[in-house]
Structure formats: structure tokens, C-alpha cells
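In what comes next, chain A is part of two complexes: it sits with chain B in the first one and with chain C in the second one.
Let's turn to the complex of A and B:
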């Protein structure tokens, strides 16, 4: 796909999403769309650490840190949302830096276990420590919606579902821009090769420890941002919202959609969330269908739905137009000699 | 001038002495061969020099600086490149990407400049692409540049391994069995490449089993057996050294 087509696609998609509440009056659909945006950028955040070849199972706990920070700051100290979301992200990043500097010394299964233990510890602290402050298993109630912004004569209010829709959409766009820059810069390239072989990466002069730590911090900060949006959207949080299964769910979205490009996870989230809603009327059989679809995808298209679709599209175009020349080389040098 | 010197270098894994008190030096611009029977500690020695393993005792001195115990990525920045005994490459990326990413340490400025798309980073990127093109052209790998490393034949993968190491622009390059599993024409090709690296001013430390290639290429040879240095000298001297023959073939006296 050429650059201009790509930009046009983004622009059209952006306009469509920003004007969606105008012709979609149903509160129900707006809420689902909001959840899709939330899950979408959360999965993209998890993908950041997966680029360096690790899966952080403490991901949901960092979401909890973000959610609890903003909840405490807005309910106890009555700070404005526009201050607290930033503080919450910063605190999440700090905690991620401290825990991550220990966690990224391990890799593979050990990394999985270490982050799982860290995540559950954080969750249990929220559950059992200082109940008057953190609310224990009941969590925190009555988290206010973001404070209105006054721009001269205008006042923008954020107490409706549509407002949360836009908030989640803006957060998603922020994360997508971050991911796009990551994927298209040397940083992304470095992280990709660390994921493939960290031994060779060290030998070609890459500081594997540092890069893994940065990606862990960045990934956890996105989780913190997710926690902030989640807390203000639900107005109620409890330790049960941030279990290990939440991370599992995000992981399923990524595997389902495919993680080579950033579109894959977003597509995975959209399909699976919509599917889960559509299956809701089957009641208890919902999970069976859901599991069945996931098994089918894993068995027949292990590279993910998005890569499967794009492969079919490319093949079809080649059948019609013939193999494209020189387009597959992304760099300036194209040689016709092939072995 | 001496590029690399080791002093009383030892490494033990538990009770096993893998490297025992090895002293050696490599002169600038030299091809030094390191040979020895299987399990004599040749690869362990490379790992000690390269920082993958930390020595138990002793020192490694590179260009007059004590580098004992430095991690691999720091040593690479100081100018030590290496290849591996197996085909260690980024297997699911193309040959082009493999060589391009290896220019990472030669960029001026941090990789985050590229994240913000600064103009200096774009210029550096262009330079790296030009250099990648030159390296692939010189090693006759251009025809393979868009293939994934997984799909390449063994001989080509070995060559890509050397190309990746050259892209680091090292002063000292450690080759771990560059001829492993190659046929004769591939060996000839690789030997030419190694000679070319030396002409470009690199010092080479080579671990190898193929005696003919070692005798032809190397200026000096060092023989290890059970982690100890048992001989050092010119290829002809090594060929006729009684102790080396004993290490490889067993004791002539006890043969009957």
C-alpha cells in the first residue's frame, strides 16, 4: 500500500469515528464502541512488550495502579481529571521502572512467572492493605467524571457516555501514534530483533537490558492510561477488575488479530467484542461459541485474522495485475537479479 | 602493535576447568588460528574475550585497556565483533534487515532521535543503507537480500553471519568455525572473504577445525587442549609439533 492511500485511510477512519455519535444514537452501541477503544489501546500496549519477545502477565496490575491513583486523587484530594491522568501515568511508569528493572533480568517462562507474581502482589495489596484508603475488596465508589472545560463562552461537559467515547477515542489515537512511530523507527527495529534473538542482539551492540526495560515501562504506562480511562468510565473500581484473566483476555485479542502490524490487535478486539455481544442472547452457551471461534482461528490461521486477510488481498491483486515490481522492497535499492 | 592480550585467563564451570591459565596475544592485522580437539575450550575462549562469559581469574586487555568482565554490547562498541558456531541470525527478517540493524552501533546519536524523526537520524539512516548495500555487494549477497534468513542455504547463512559482523566495523573480529559444514567451493569463497577483511584492516581470531584452511590462512596458530595452551607458532611448526599430534591422535608410544 502506498503512503498516500495509507494516510487517506487513516483520515477517513478518523472522521468516521469522530462523527459516529451523530448517527449512532443508541447508548448501548456507544458504550460498546467505547469499550472497543479501551481494549484496543490496552492490547496495543501489551504488544509493546511483546515486541521484545516477552509477555507481561502483570499488565492488568499496572492498569490497577493507574486506576487507583486517579481514583484516589479525584475522590480524596478532589483534583481535576486533567491533572490526575498525567500523575497516574507518571506513577505507573515509576512503579514499572522499579519492578521492571528486576523483572527484565529474566526471560521467557521466568519473566512470565515474575510478572505474574508482581501483578498478583499489587492486586492483593489493593485488596488487603489500608482498607479505609483503598477500600479493600469493595474498591472505590463514586469516581467523578472529568471536570468540564470552559473555553470562553463554551463549556464542554464530560458527564455523558458520548464524552467518554471521545475520551477513549483520543486515548486510542495517542497510543496509535506512539505505536506508529515505534514501528517505523529504529527503536521498533531494535525491539523486533531483540525478540527474535537477544543473544545476537547483544553481540551486535544493543543494550538488551535497557531496551527491554524501556519497552516494559512504556507498555505498563499505556496500561496505566487504560486504568485511568476505565476508572472514570465505570465510576467504580475494585481489585476484581484487574485480575490475571484480564491480561489473558487481552492476549487472546492479540493472538486472534495477529501482532505483526498494529492493525491486527485492533481488528482482533473489534471482532471478538462484537462477537461476544452478539452471542449474549444465547446465554450460557456464549462461551462455547466464543471458544470454538478462537480454536478455529488458532488452528487454521495461526498468524492472525488481519495477516490472513491482507495475504488474500495481496494474492488477488497479483492475480489481476501481475506481480508488482520493486514494490516489496521498502528501501531505495532494487535489483532485478534474483537467485 | 598488540590488539588483544590475555593474561592468566581461566574459567571454571563448577569443578571443570574449561580454560586454564591461557596467555596469548594477537598482533594488529594478523590472522590468528585457534585450534584444538573437541571440548578443548576454543568457543569458551571466544566467549570470554567477547564478554558473553565472565572469566574466573585473569585479564583480557584490548588495545591497552583492561576489558575484563565488560558486557558484550559494550565490547562491541569498543570494536570486537564475532560470528557464532551455529547460524545465529535474526531468522525471520531479511538479509538486508539483518545487515542494516547491525549498523546500529555506528549511528551517531540515540535511536530515539529516529523515534522523533529528526533530520540527523534520517541522514544516518541513509548512510547505513549505503553501507549495507556496499557490504552485500562485496560479499556477493545482493541477490539474496530480500530473502528471509530461515530460507537460505547453510553456506549463505554463514556468509550473512560474517556480513553482520563486518557491518559492526570492528577492529577485531572473532570467527567461530567459519567453514563449519561448507563444501569446497563455499570454503574457497569464505577464505577469500576472510582475506579481504584483513586487507580492510581488521584483525582476525579464528577458531576452526579444517586444518588445510587454517594452515593456508593463518599467520600464527595456537593450540588448546583441555583448556591449556600446548603450542604456539607458525603453521609449519604446529604441523610438526609432537605434542599437538599427540593431542589430536593420541600417544604414539601407547598406540600398540
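Let's turn to the complex of A and C:
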């Protein structure tokens, strides 16, 4: 795909998404779209750490840190949302830096286990420590919606579903721009190298520890942002929202969509969220069908849906144009899961 | 105080060993983290519950029946699912999540969501042991798990199959060059892991209760054990479960809240010294 077509596609998609609430009046669909945006940028955040070849299972816990920070600041100190989201992200980044500097010493399955332990511990702290402040297992109620912005005569209110839709969309666009910049930058390339072979990366002079730490902090900060949006969207958070299974769900989205480009995770989220909604009428059998779909799709297209589609498209073009264009360079994700 | 800590610690340790050992055996050979392990444990508990209450089979026979069922189930699972993910470990983990979803929701739909209680399977008499009052069922379960632990160690150490499993864990390609059928070995390890999960489900189910999503809470503890002991080594699982069990027992005796902080501090210190766990290998 040439650059101009790519930018036109983004522009059209952006306009479509921004005007969607005009012709989609149903609150139900708006809520689903909001959730898709939220999950989409959360999966993109998880993909940042997966670029360096690791999977962080403490991801949901960093989301919890962001959510709890903004919830406490807005409910106890009555600060404005437009201040707290930044503070929440900063605190998440700080915690991620401290924990990450320990976690990044490990790799592969050990990294997975260590981040899992850290994440569960953060969740347990939220559950057990200082119940009057953090609310214990009940969590925090009545998180206010973002404060209205007054621009001269206009006042933009944020207390409706549509407003949350735009908030989630803007957060998604922020993260997508970040990812786009990252994927095409020197640092992104370095992270790809580390993801493929961190020993090789170390040999050619890349500081693997530092790069992994930066990607861990960045990824966790996106999780914190996700937590902020989640808290203000749900107006209620509890430690049960941020279990290890939440991270697992995000990982399912990424693997299902394919993680080579940033489109894959978004596609995975969209397909699976819509599928889950479509299966809802099967009631109790929903999860069973869902499980079967995941297993079957991964069984036949293990590289993810998006990569499968693009491979088919490229092959078709080669049949028409001839093979001169060359295959898309695929820097696949390889995990040394077997130590 | 001290006897109480030790006895509680032993009960907890052996419980954790039962949960974690199957996971680590499967990982050491197959190279995937079996997220369906918790669901298989639950399945073992369900089999033991139904065979004990409805078929009136002796409890110990029910445990063996549960082990056999989950072992066969695991091998079938390997043949129809995991074999296709040999080249894609991460995708294999996600497929295991899908399997766990199907098993757990299937159990909820088919068997009902209520807690299955069969605490009457074992004698509930109180016994005075070194000045600590313990129920007899805990002692029985500790003894049975200890027996399983010894049996497993003996199997790995003294039989030819155990030797082959250990060799394949260390060097899969080299052992294949020596004429080991890797596919067969991973089927055995999967059966072993399944049998351990079945035993865990049956024994812990008799101590607590069994419900469809019971396994999820157990498997997290298994991960902590594995972090401490090191992944892929059975001795590591034993060491890890004993450390975790004793630390938790100390924590519970001192204060209920301190427990998880203690475990976390332990993990962080361990990480700083040995990132691979106590007995883990590269």
C-alpha cells in the first residue's frame, strides 16, 4: 500500500469514526464502540512490551493503578479530570519504572511469571490495604464524569455516553499515533531486533536492559491511561476488574488479530467484541462457542487474522501484477518460551 | 506455636505441590504454560465428587478414577489441540485459555454452578498432634499427597520412562537423536500432568468444595510456587511449594494480612538473587 493511499484510509476512517454518533443513535452500539476503542488501545499498549519479545501479565494491575489514582484524586480531592489523568499516567509510569527495573532482569516465561506475581500483589494491596481509602473489595463508587470545558460561550459536557465515546476515541488516536511513530522510528526497529533475538541485539551494541525497561514503562503507562478512561466510563471500580484474566483477554485479542502491525490487535478486538455480543443470545453457551472460535481460528491461522488477510491480498496482487513487488517483510514475533 | 506453624505449613505445602507439579511437568516437556490446568483440576474434583456421591465408590478409588479420567482427557486434549501448536507456543497458551473457557462453562451448564460438597468422604475426627488439634481428613490428605510426591520422584528417578522424561526436559533434540520418540514422551508427560491435576482436584475437593470456576483461583497459587521453585523442574516445584506453604503458614499465624506481603517480599528478594527461581535452569 503506498503512503498516500494509507493516509487517505486513515483520514476517511477518522472522519467516519468521529461522525459515527450522528447516524448511530442507539446507546447500545455507542457503548460497544466505546469498549472497542478502550480495548483497542489497551491491546496496543500491551503490544509495546510484546515488541521486545516479552508478555507482561501485570498489565491489568497497571491499569488498576491508573484507575485508582484518578478515582481517588477526583472523589477525595475533587480535582478536575483534565489534571488527574496526567497525574495518574505519571504515577503509573513511576511504579512501572520501579517494578520494571526488577522484572526486566528476567526474560521469557520467567518474565511472564514475575510480572504476574507483581500484578496480583498490586491487586491484593488494593483489596486488603487501607479499606477506608481504597474501599477494599467493594472498590470506589461515584467517580465523576470529566468536568465540563467552557470555551467562551460553548460548554462541552462529558456526562453522556457519546462524550465517553469521543474521549475513548481520542485516547485511541493518541495511542495509535504514538505506535505509528514508534513502529517507524529507530527505537521501534531496535525493539524489533530485541524481540527477535536479544542476545544478537546485545552483541551489536544495543543496551537490552534499558530498552526493555523503557518499553515496559511505556506499555504500562498506556495501561494506566486505559485505567483512567475505564474508571470514568464505568464510574465504579473494584479490584475484581483488574485480574490476571483481564490481561489474558487482551492477549487473546492481540494473538487473534496478529501482532506484526498495529492494525492486527485493533482488528482482533473488533472481531472478538462483536462476536461476543453476537453470541450473547446463546446465554450460558456464549463462552463455549467463544472458546471454540478462538481455538479453531488459531489452529488454522496461527499468525493472526490480519496477517492472514494481508497475505491473501498480497498473493492475489502477485498473481495479477507478477511477483516483482516482493513479499512484505515480516518481522514476526518469536518468543523463547522454552528456556 | 511452632508445631501449629509446621503442621499448617505442611498441609498448605502439599496442597500447593499437587497444584503446581502438573503444570511444571507439562511445561518442561511441551514448552507451553497450560492455562487449562486449573480447569482440569476442577474436572478431577467433579469426577471424584460424582463417583463418590452417586456411584458410592470408595473415596480412594474415586481419587484413582479421577486421576485416570483427567490423564486420558489431557492426552486427548494434546492430540486434538496442543499438537497443532508445537511451533507456536504463545498461540498454544491462548488455545489453552479457550479450552479452559469451554471446560469451565461446560461444567457450569452441564453440572450446575452450586458448590459440590463431599467433605464427608474422609473422617472428620479431631486428633491431637504435638499439642495441635487437627482434623483427620487433613492428615489423610497430607499423607496421600506425600505418597504421590514420593511416587512421582521415584518414577522420574528410577524408571526408564522417568529417565527419558528428564533427558527430554534437558535436551529435546539430543534425546531425539538418541532414538527417543518425543511425541510419545510428551503424551506421557501430559498424562502425568493430567493425573496430578486429577489427584489435586479430588483431594482438595474433599477438603474444600468444588465449583466450575474453582480452578482459576488455584492456578494463581501454582504460578507463585513455580516462580519460587523455578519452572520446568519437579524438585523446584517441591521446594517452591514447601517455601510458600511455610511462609504463608507463618504469615497466617502472625497476622492474616501480612501473608501476601511476605510472599511478595520473598519473590522480590529471590528475583534479585536468582531470576530463574531456586532450581530453575536456562
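Going forward, the second predicted complex is superposed on the first by the 323 of 339 C-alpha atoms of A that agree within 3 Å, B and C clash if a C-alpha of one lies under 4 Å from a C-alpha of the other, contacts with A are read in each partner's own complex, and residues count from 1 in each chain.
The criterion applied here is as follows: a residue touches a chain if its C-beta (ideal position, glycine included) is under 8 Å from a C-beta of that chain, and two chains touch if they have at least 3 such contacts.
Please read all numbers here as calculations on a predicted model, not as lab measurements.
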item	value
Partner chain in contact with A:9 - chain B first, chain C second, else both or neither	neither
Touching partner for A:235 - first (chain B), second (chain C), both, neither	neither
Partner chain in contact with A:182 - chain B first, chain C second, else both or neither	first
First, second, both or neither for A:130, with chain B first and chain C second	neither
Contacts of A:121 with chain B and chain C, given as first, second, both or neither	second
Dominant toucher of chain A (residue count), chain B or chain C	C
Touching partner for A:193 - first (chain B), second (chain C), both, neither	first
Chain B versus chain C as contact partner of A:202, first or second or both or neither	first
Common interface positions of chain A, toward chain B and toward chain C	333, 335, 337-339
Residues of chain A touching chain C in the complex	55, 102-103, 105-106, 109-110, 112-114, 116-118, 120-121, 124, 128-129, 244-245, 248, 251-252, 255-256, 284-288, 290-292, 294-295, 298-299, 302, 333, 335, 337-339
Chain C to chain A touching residues, read off their complex	27, 31-33, 35, 81, 84-85, 87-91, 93-95, 97-102, 104-106, 108-109, 172, 216, 220, 223-224, 226-227, 231-232, 257, 260, 263-264, 267-268, 271-272, 275-277, 280-282
Of chain A, residues touching chain B in the complex	181-182, 185-187, 189-190, 192-193, 196-197, 199-200, 202-208, 328-329, 331-333, 335, 337-339
Residue numbers on chain B that touch chain A, as the complex places them	50, 52, 71-73, 76-77, 81-82, 84, 88-93, 96-97, 100-102, 104-105, 107, 111-112, 114-117, 121, 125, 129, 133, 142-147, 164, 167-168
